[in-house]
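Shared between the two complexes below is chain A, which pairs with chain B and chain C, respectively.
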Partner chain A sequence: MSNKGKKVAVLNRQDLTAFFTSLSKRFRIFGPSRIHRVDSLVEIASADAINFNYRNMKMSPKAFFFPQTQTLFSFDNESKDVNTSEPCQDRQRILFGLRPCDAQSIWLLDKVFVENTPSDPYYMKLRTSTRIVSLACTHPSPTCFCTSVNCGPDSEIGADVIFYELNGCYLIKTLTPEGEDVVAVANDIVKPPTEKELSEKEDIMRKAREKMKRVFDLECAQKTLDNFDAPRWARLYQKCLGCGVCTYLCPTCHCFDITDEVVQPRGRRVRTWDSCMYQLFTLHASGHNPRPTQKERMRQRIMHKFSYARKYYGHAFCVGCGRCITYCPVNVDIRQFMKKFMEEK
Partner chain B sequence: MNNPYIPASVKIDDIIIENEAGDIRTFRLTFAYKKDERKFSFLPGQFAELSVLGAGECPIGIASSPTEKGYLLFTVKRAGVVTTQLHRAERGEIIGLRGPLGNTYPLQKMEGHNILIVGGGFAFTTLRAVIKYILEENNRKRFDDLTIIYGARTPGELIYKNELWEWEKRRDMTTYITVDRGDKDWKRREGFVPSVLKEVAPRSNETIALVCGPPIMIKFTLPVLDELGFIPESIFLSLEMRMKCGIGKCGRCNIGHKYVCKDGPVFSFRELQELPNEY
Partner chain C sequence: MKQAEHEIMSNVERLFADKKIDLFIGYEKGTLPLRTSPCFIDDRNTVRRLVWNSCCSNNLAVYLPRLMLHRKGKNSKRIGILCKGCDSRSVVELIKEKQVDRDCLYIIGISCSGIIDSSKILSELDGEGILSYDETSDSIVVELAEGERSFPKHEYLYESCCNCAYATPTVYDILIRTVQFAPKVAGPDPNITAFAHKTREERWRIFEEETSKCIRCYACRNACPNCYCKECFAEQTKPRWIGVTNDRSDLLFYHTMRIFHQAGRCVDCGACVRACPMNINLRLFTRVLVDEVKERFGYEPGVSIKEPPPLATFSLNDKQEFMTEPD
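Our next item is the complex of A and B:
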């Protein structure tokens, strides 16, 4: 990716505190922190609270734009009066330290909730008030496979600013006009990069990419994937318990349910995360279910990510973060699926 | 910003019990606010999410034609949580409506063609809308011969009976009404829809067929249409699927890479042949 129009600056590590102090005057800052032994993205008061020593957060950042439970509107269950008033505008937020895969996942979610009209007003509101600052990966996890799905340890897609961690300093690349606002608060403490720093960054990222070998090829897998009635589907799903953790932790899974909740006399219509791995997801009121067993549901999940989304949105809905592999209770490994697809001709 | 999740308020103006079993009712709805009525511009084939606050929403095809002004018709079979609540509703009650959603029957393509309509059971709702649309005085000349084949299990399960008997008498259309099994008063045809279709053999050249009915009817109708010479590009089907958002986001109504709520519910048979058989 070219550096044209993208400003690059260097921030010394000891100036990070000053940078965050200036930022916090304008923005609410959410950054990586270790809470109860889980790396999470939480609101932070100062730079000291940030834990830079993490691979990735357990939860994807999607909940910041698409909360697990969200009220669409409330109503009076007796008079049936609808209250659509929205809460007042939140302060501008910064999500700091997202891994590039997670930043790219937000760019994919934008396709569903913003570009695919009509746009989703609830998503839009949270999205437009949030800037994304990503942190390039230097040490991939054993379950990472971003380079196989058009993403990478230094992917800039979806981020407004990207930080590269060098020896004693950060190389900061501004990627969007929204990102300029973020870096602007540090104008007096950043300096232009030296040739040495630029080549150090190239070196670190080359090593990171080398550590992350490509596991499968999307184009190649698609050809066999599109064989909907292939016998392999009857084998591949058998381990799956249908718990749905893969879809809940997935940064790009965005299926939801809409239900009404009533505690007399108040009611609200809520949307909640849902999962294609559940039987009720597609069950008709008539009793008919187009995806009656886990076989069809597993096929749906994989086909949606790697075939349907490519046809509908032009991109696979996977960024290779590896959460579905790390947290699957029965070690279902989506990489192995894709490898098998490639081997079948 | 326009919020596609907020339902408009509509009043239940009238309720018509359509069948003997009493589990299919037509709701005549009028908008509570003029501004919502002005915004609601639709064509036959589209659907809307009907909303009973406290119970939820369900997608229902619009059974009236845009040429019928001042109200909307929805024919609802009692099946799940929301439709059960709807069936308990009385005249004068306010419910919610979100739409219009989805695509329409291919009206432009249909112009200047003969139209064959094949329907079964209570899946006749949006087909009624398109029939009313074609029969409207100003529209009728834009379409050639209109043939309708409609069937239900028993005479008591036929919906829109008064209109069916009227259509039978009209000279600018041909109407075949059939039931799987008649009763002692039944003087019309007996037989399944696909057999009647085969028997009356409407011509296929310059003809567009619109088909909507239970899966078993569709399964046996498509081969008959093929025998009669209909090409997949001239056959259009309206599908249903479990839905929530209705705007292609919640992710549950897809068949392959198409969302029934947004890219459908009307698909040509050619389009369906290219999609996985998962509906």
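Our next item is the complex of A and C:
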């Protein structure tokens, strides 16, 4: 990775508290913290609350921009009032310490909700008030496969600022103008990096990358997957239970449902997460279901991530975070699935 | 363990050779340490994939209703299935509820010594990579970068396995016996008893707290053999029973309904808890129902195919102290 045009600075570990104190004057800060033995992204009051040693959080950060339940507007049939005003984001937020895969997933979601026309105003409101500070990965989990999907433990895509943890200090790289505001609060406590620190960072990241095996090649995968009627689809889906764990924990899955909740005379229109793995997802009012069995649903999920998304957006909608692998109740492993798919007929 | 695994394989091979079955549902090695994965064998050459160990956590009966739907009337061969005690009890309930035809099944029963909750071991290792693992008769041995670590099995069982009274399947065509590593004390689960004795307000508080973690992924429902409805009340739109949000009221309603639908049917296999990605202790609530049904109706689900389900029959001896006269 080149450092050209990107500002790099070093913050001593003992100055972290001061950094957060000045940061919290301007921003609400959300960071990784361990609550009931689960690593979660929560609002933090001071640097001490942050757990820097986490692998990754159970829930992806997508709910910060695309909440599981979101009221689009409310209405009153008696007074004929329609209320579209969403509570405003009162202060700018910082999501601190996201893993690079999760930061990259937000960049992918932006393609859907921001770069598409028209863009999604609900997503935009939450997105534009948020800055992303990522924390490079030094200890990937056994389920991580980011290097197979054009991401990596030091991917800088999607982040405004990235922190590299070195021995006793952090190397901070500012990646966007929005990121400059974040680092600006620490202008008087950071110092320029030494050659030694820069090479230490390269060393640490090389080791992290080496820990990860490339499990499949996206280009090959797409070619094989595009065989829509391959008989192997019928074999590989069988164990899938049809629950939504993989899609709800996935940082890039973004399907939703819109329903009206009405208790006369008032009601609201609400957007909720939905999953292509559910039987009812494609059920027509006529009773016909174009994806009648789990085979078609599983195929849709895999194809959307690794084929359709590459065609529409130019990128696979998978960042290799491994959540779907860790939490699948029946151990459907997307890495193994892709491998088997490419091997079998 | 290895002995049992060989017995399973040779039996399944024979069943395919004799053309008795055309599909066998068992377990294969998982892709993660301390995990296995359900596997579907449809030809005798792949029988070697089958495994049996203390990590065979899924309740395989969950696959039967959907498989039966696609086979009705057109297949003379049976489906083979490996059943632990709890899986077999689920099969019994499915037979009684007319979801599965006993004659379409070939059940290989296996006596089970309890299943290991791998998350307990993994959380103690705190993300440290497991290079390999093995098990002896009474412990799980894990190889780490800095050496071996041993975990006594009886300390790492799933809660639902700790006081299980049905280690031996209640229905089977052949039974594979394995050695029990520790004599189990079948009986009430102290955690459940403690919960049941709390005040109503306290129980409600725990119920609210647990269900508030829910993300409506329906893993609990889909992992449960009892949940075979073609359209679940939680997603029905005509009529619409509940909303689809993860607001508190929808979560409470979803879980209340799901749990009550288990009354007199739940075999306490723990599949819902094992499937839940959010670590909700769902069993806390269903197990109380299991105990209440047993106390009131003397009925335990999945024990006998002949005994009618308590909510589908009545007896003059049924307790009815909850009946009240109109004012």
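Keep this in mind: the second predicted complex is superposed on the first by the 333 of 345 C-alpha atoms of A that agree within 3 Å, B and C clash if a C-alpha of one lies under 4 Å from a C-alpha of the other, contacts with A are read in each partner's own complex, and residues count from 1 in each chain.
Here, a residue touches a chain if its C-beta (ideal position, glycine included) is under 8 Å from a C-beta of that chain, and two chains touch if they have at least 3 such contacts.
Since we're looking at a predicted model, the values are computed, not measured.
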| item | value |
| --- | --- |
| Chain C versus chain B on the shared chain A, clash or fit after superposition | fit |
| Chain B versus chain C as contact partner of A:Thr259, first or second or both or neither | both |
| Partner chain in contact with A:Thr282 - chain B first, chain C second, else both or neither | first |
| First (chain B), second (chain C), both or neither touched by A:Arg55 | second |
| Chain B versus chain C as contact partner of A:Tyr248, first or second or both or neither | second |
| Angle at chain A between chain B and chain C, C-alpha centres, nearest 10 degrees | 90 |
| Partner chain(s) touched by A:Gly267 [first = chain B, second = chain C, both, neither] | first |
| After fitting on chain A: smallest Cα gap, chain B-chain C, Å | 7 |
| Overlap of chain C and chain B interfaces on chain A (superposed complexes) | 257, 259 |
| In the complex, chain B residues that touch chain A | 1-7, 9, 53-58, 79-80, 83, 94, 96, 215, 240-242, 244-245, 247-252, 254-257, 276-279 |
| Chain A residues touching chain C - in the complex, by the definition given at the top | 36-38, 55, 58-59, 68-69, 139, 141-143, 235, 238-239, 241-245, 247-249, 257, 259, 261, 270, 272-273, 275, 278, 280, 325-327, 329-333, 335-336 |
| Of all residues in chain A, those that touch chain B in their complex | 72-73, 75, 77, 80, 82, 84, 112-113, 116, 118-122, 124, 228, 254-260, 262, 267, 269, 271, 274, 276, 281-286, 288, 290-291, 296, 300, 303-304, 307-309, 311-312 |
| Touching residues on chain C, where the partner in the complex is chain A | 30-33, 35-40, 58, 62-63, 123, 127, 129-130, 215-219, 221-223, 231, 235, 243-247, 274-275, 277-279 |
